[in-house]
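In this document, chain identifiers A, B, C and D correspond to the written order of the chains, with residue numbering beginning at 1 in each.
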């Protein structure tokens, strides 16, 4: 590992509010575990209650880049439940046994202020299970996609204006929707627009948000396996509006491990006979995934990476079970059966015990910073260099984590030598 | 992962006896687990009873290179016990439950023939525990280092002559010796020679073998943590005799995992709080390591890699225990405690259940093939591109497995474009 | 643990052919993994190639009882595939890497002889998945239950006569059938008989075998979760014919662990929040269980024991997946989440790596010996003292393994003081 | 498991302050993890902030007995550091991430009051590592055993008088002392008294406390592996003073598991080939155990139980390592290698992740309640029925947990029928 990735403590990349620039982080599903943790973490970082640990953009690699400092961020978002960050933080403390009390106390001001910025969202085509979570009447008013897009855009513009923001990045951290393959006619931007204005829009809420954001020229990042901006029409929209788009499905735990370990088996020419992964957790995301329809899209992306790295298809099995008592602590047991020399079968097992939101939230902040910077540098379209953050990276077939990380390193190194394109 | 490492089955690199070249594989500690498995595996490979699984040099990356085919190899070696490959294979079948009976039966001819090529070795300064394993009177005759070197060289030359070999590679797969830091005067080749001819030689047996091999211009690879050729004087000798040298300590299981996982923690900017590794196994190598003196050198190399990859020193603990019933099945439990966002502690544990000799033997064959090829191409001195094979790679500070593998890929790619230097 | 259970090695219970009595062990599904292993093990025991390890009836507790020695047993059975013990043993060696070659060689005579005693079975109502395994035309001739029963009885009687056997015990080790709740009218022996002679019999093959055996006065043991003799009418039949019956579903691995560990949590007054068990294996039994219909009955019995021991219902999840590469090596990962003092959540995980047939076969021999002895002592009806051998013990609500073992100890102690009842 | 142990929730044993009796719980090492947790837990229980989970004496088995209710207890103790319960609670919250904030807030009154009852202790012969922890000058004044005993007794009597207590139980929860075998002359009470008054006392601090308590007729329980009252002279003293004594070394985690699992292997007649247990934790107790001298006594008691249950000695290995980041979360990995039918080796592994003090503290309260009740009922000498609480139960060779629990059940059942002996 070259020096750029070595976090020689305590010297890390430092942040400094280099400008008077103000940026907005708009979270779809703001009051969920990831949204709440990202907001709290951002506030804590502002107060220097935490160091840069677990923030990729605080690696020495990023030192000296014009990334936004925590003080420059204002948080807002959409949610379908009537609550606020302080409540969701308290719930998290109680259930998942995370977030130090003193730290939370010192972040109360931001949590209260930012809660005010969260508006009722839409559940258009999000599936039954998600729809059942709604407890705000406003959410249901969106009877058409067009109306929903307009509502979302209005919320985003008000957020920008009232906070005098230079840029706003929209990140989807809402619950996973059922999988959908968009019909052909949705693939072109012009027909997508037709459907939106008059026709029979079938895309899920995540795509409503994606359209709304990109159409305003705001960067959009899909941190979930939902459809979001993952269709050609949306990429065209991003290009047209000169904004950036990234996703999808944050690579946080078991899948990260898969994309780290599978290359080892490949490089040593061991044959993987079977790879079984069993995941248990009990947060709201897990409850949604307990609906087999919503679970399907999650399992698909988790399962695919191994065969894509290996070049052949071993027997794989991935299960995700909702176990209430685990709350946000996602535990994965993976059993990897492989064949070595002289046909000998051997076994690697791992047990991953991570707190889902704690793993995801810093990546959300990293993605916000990197997307905002990329847009400022004049990049447009899909941010392929962010592949290492995602289970299903848009526009990238590479799943080997270290190859993906190499792509990030290379791209960032270019920032130092090449001038921005605008 | 680029295509060169993807073992798209069943297409793998193929071997073909491209020439009438004949090469020798001389194993120090031939009748040990690794030596026995390497010999059996080579024979089985000759008969195409096994495919290339677990041989790194059978990855597509190596396709088309002039590597030696299994048919071109003759095996010989030194050992300090009176036994033969058939006996040690049978013992392995019984104790470790490996090696299919039918496969062994078809390799009987080679095993018998190659056993005849194994000569009594030396235990000069190998430590008490190794010395106790000796059961051949000839072993003890070597009263001086000079005499020992001459004996070894005589054995090697007879092996080459009687088998009409074009090249011979010497690989040390003997039990781990106690650690030693060679005195200053051993660092220069000229003083080393003086000590050898008249003085008070203090280096262990592994260095006797290394000297003997390199002095004859034979490649020498140290697959163990013993001293071997790891001192400047030996590198000078290799350069002078225009041969190659590589090592040390094959990276087979737990340490491989460490050098694969530690970079993930670094790239995600997680802080490793502690890394505990507990290893149990029960083969002869384990018995030798049960002597705290011999164990020390093993633990050192296993322990160092993590901090070198991370750039800081978390608390680490490595233990190796000799548990008879495990025989050759080395089981490692690693508990990695790390700190993520908002100071949250999380845990990764893995359990590695591998058969030590089965893991090591194919690497021995890979190293033999790569060292012989390198020498033919005119390379001299330390083979740094083999770093990914070793726990303590000679001349290389890089421990990140994928960076090391990248070094190998790059070097091999050059073989395709650059002509040999001789 | 009192002395009766301490296997002070090498002194164990010894076997001696105390009489000229000859007994038969008739295995339903003889050529399956359990049947094959039981036959091989019995033969190896005859030749004293194995000691009494893993045989419960070889504990000191049983010393001096008139249990049948291995030499007194003749094996026969039913199967629906055309194969033989030698073939199935060879397959097992290849796939599951068990059974030493020398040991098998010395048992060839018995394996060949006993294979001759295996007759085509019936698949009446065994479900589609089992039916697909049939490869002998005779199996399908059984068009009615009555005809099937008569066929089975004829086979049993021929076995007894031609081998001059004093007793024959029938043990079901066939693949798991889909679960079924027998209609009311099958609960009484008289209506069961009516249905058999003329009506519309709906019970599965396992019940055909059970009826056939009990009706002849032969002990019947159901080692599987299939219905077998688990209905009142069958118990009546056993009483009427003065024979014994036992079952069901051998407690071999993960469930054994559950019934050992759950009492610990109860005795320490810890609250189990969730108990997740994930099982993977790849033998023929696994293939059958891969059919969700057949799997259901297995999961039910595995899942129920925890709540019955605790007295309340924690969240539980049991999964069984067919993973080809595992073959007979069933691996279970269990994650037990529990609440201790001051509401603190803690975790126990275990990983069980056992060979299914190796675990089951000795229990089959134990059950055969204990059932034959019980019958000779004049016991009739359900053998409740065998509860510790079963996941769903007939007539017993107790699932705590050590309470069950205490029941066995008590019953066996009585053998020493009380005379047989006939 | 019979009904007496089934915690049918929410019906548990209830506590009611049946009398005006007041009792004292005197903790040696009060400000350590176990002492602090016991004090906090007792206070929380008083306020009904916790239910009876993890308290053995709250099982239905104990319903209706005259056990002391939490309201009847006053806490005091000895410690060698200048701190208080509120400080140690706060430290625990920070480091081990346990104890809910709201709960602690409501217990502040008790914590403050009880802290006032903690007096400077003695470190006579506790070993270097413990001595280094001392930060109160008074601790060192005890230059002789006699003086130390008198000091302790004075503290105990003042505690009893000033709190108007009917009984006081003394429980040792201090750090583990180095192991010691007391010389012969200490075995008789009369010589022990002589040594105390004039001679050369060599016993450690734990024995000073034991003597002081028993001599006053106070029950003494040794929850640690230190010597304490474990010598015949102390038992004589207990009998003479008509008080009770119990110990030693609370059975909380890995060892509990051993005494639950080893009987399973015995009952199934599997041969344990090796049992490896690796423990990591990072609390103050761990720091003390990091001194090899203190560690030795801990490992001994942990290691012995397996062979005593099995009746033979498999290869065992127990290690305890101090890993700072783990703090109070003791994690044990156990690898149990066993031989089953046909010589097949199989593996059970478990990983125990428990919070040491959380596991220990409720047992301390149970022991206090049971010892006080026993004394009131006129029992004297060693409380053998408490064996299931200890790694090395005084006066009991039985290590099988369920046999031990059966002894407790039987003894408690007698309470219902037999009148107290005084």
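Operating definition for what follows: a residue touches a chain if its C-beta (ideal position, glycine included) is under 8 Å from a C-beta of that chain, and two chains touch if they have at least 3 such contacts.
The model shown is predicted, which means the values in this text are computed figures rather than measured ones.
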Minimum number of chain-to-chain contact steps, chain A to chain D: 1
Pair of chains joined by more contacts [C-beta pairs], B-D or B-C: B-D
Whole-Å separation of chain centres (CA-atom averages), chain C against chain D: 44
Between chain B and chain C, centroid-to-centroid distance (C-alpha), Å: 49
Cα-centroid distance, chain B relative to chain D, in whole angstrom: 51
Residue list for chain D, restricted to those that touch at least two other chains: 97, 100, 349, 351
Chain D - residues contacting chain A, complex: 94, 97, 100-101, 351
Footprint of chain A on chain B - complex, ascending: 1-2, 5-9, 37, 40-41, 44, 50, 52-56, 58-59, 98-100, 103, 256-257, 260-261, 263-264, 266-271, 309-312, 339-344, 346-355, 358-359, 361-362, 388, 398, 400-403, 405
Complex contact set, residues of chain B against chain D: 97, 273-274, 276, 278, 280, 315, 317, 319, 321, 323-326, 331, 333, 335, 337, 345, 349, 351
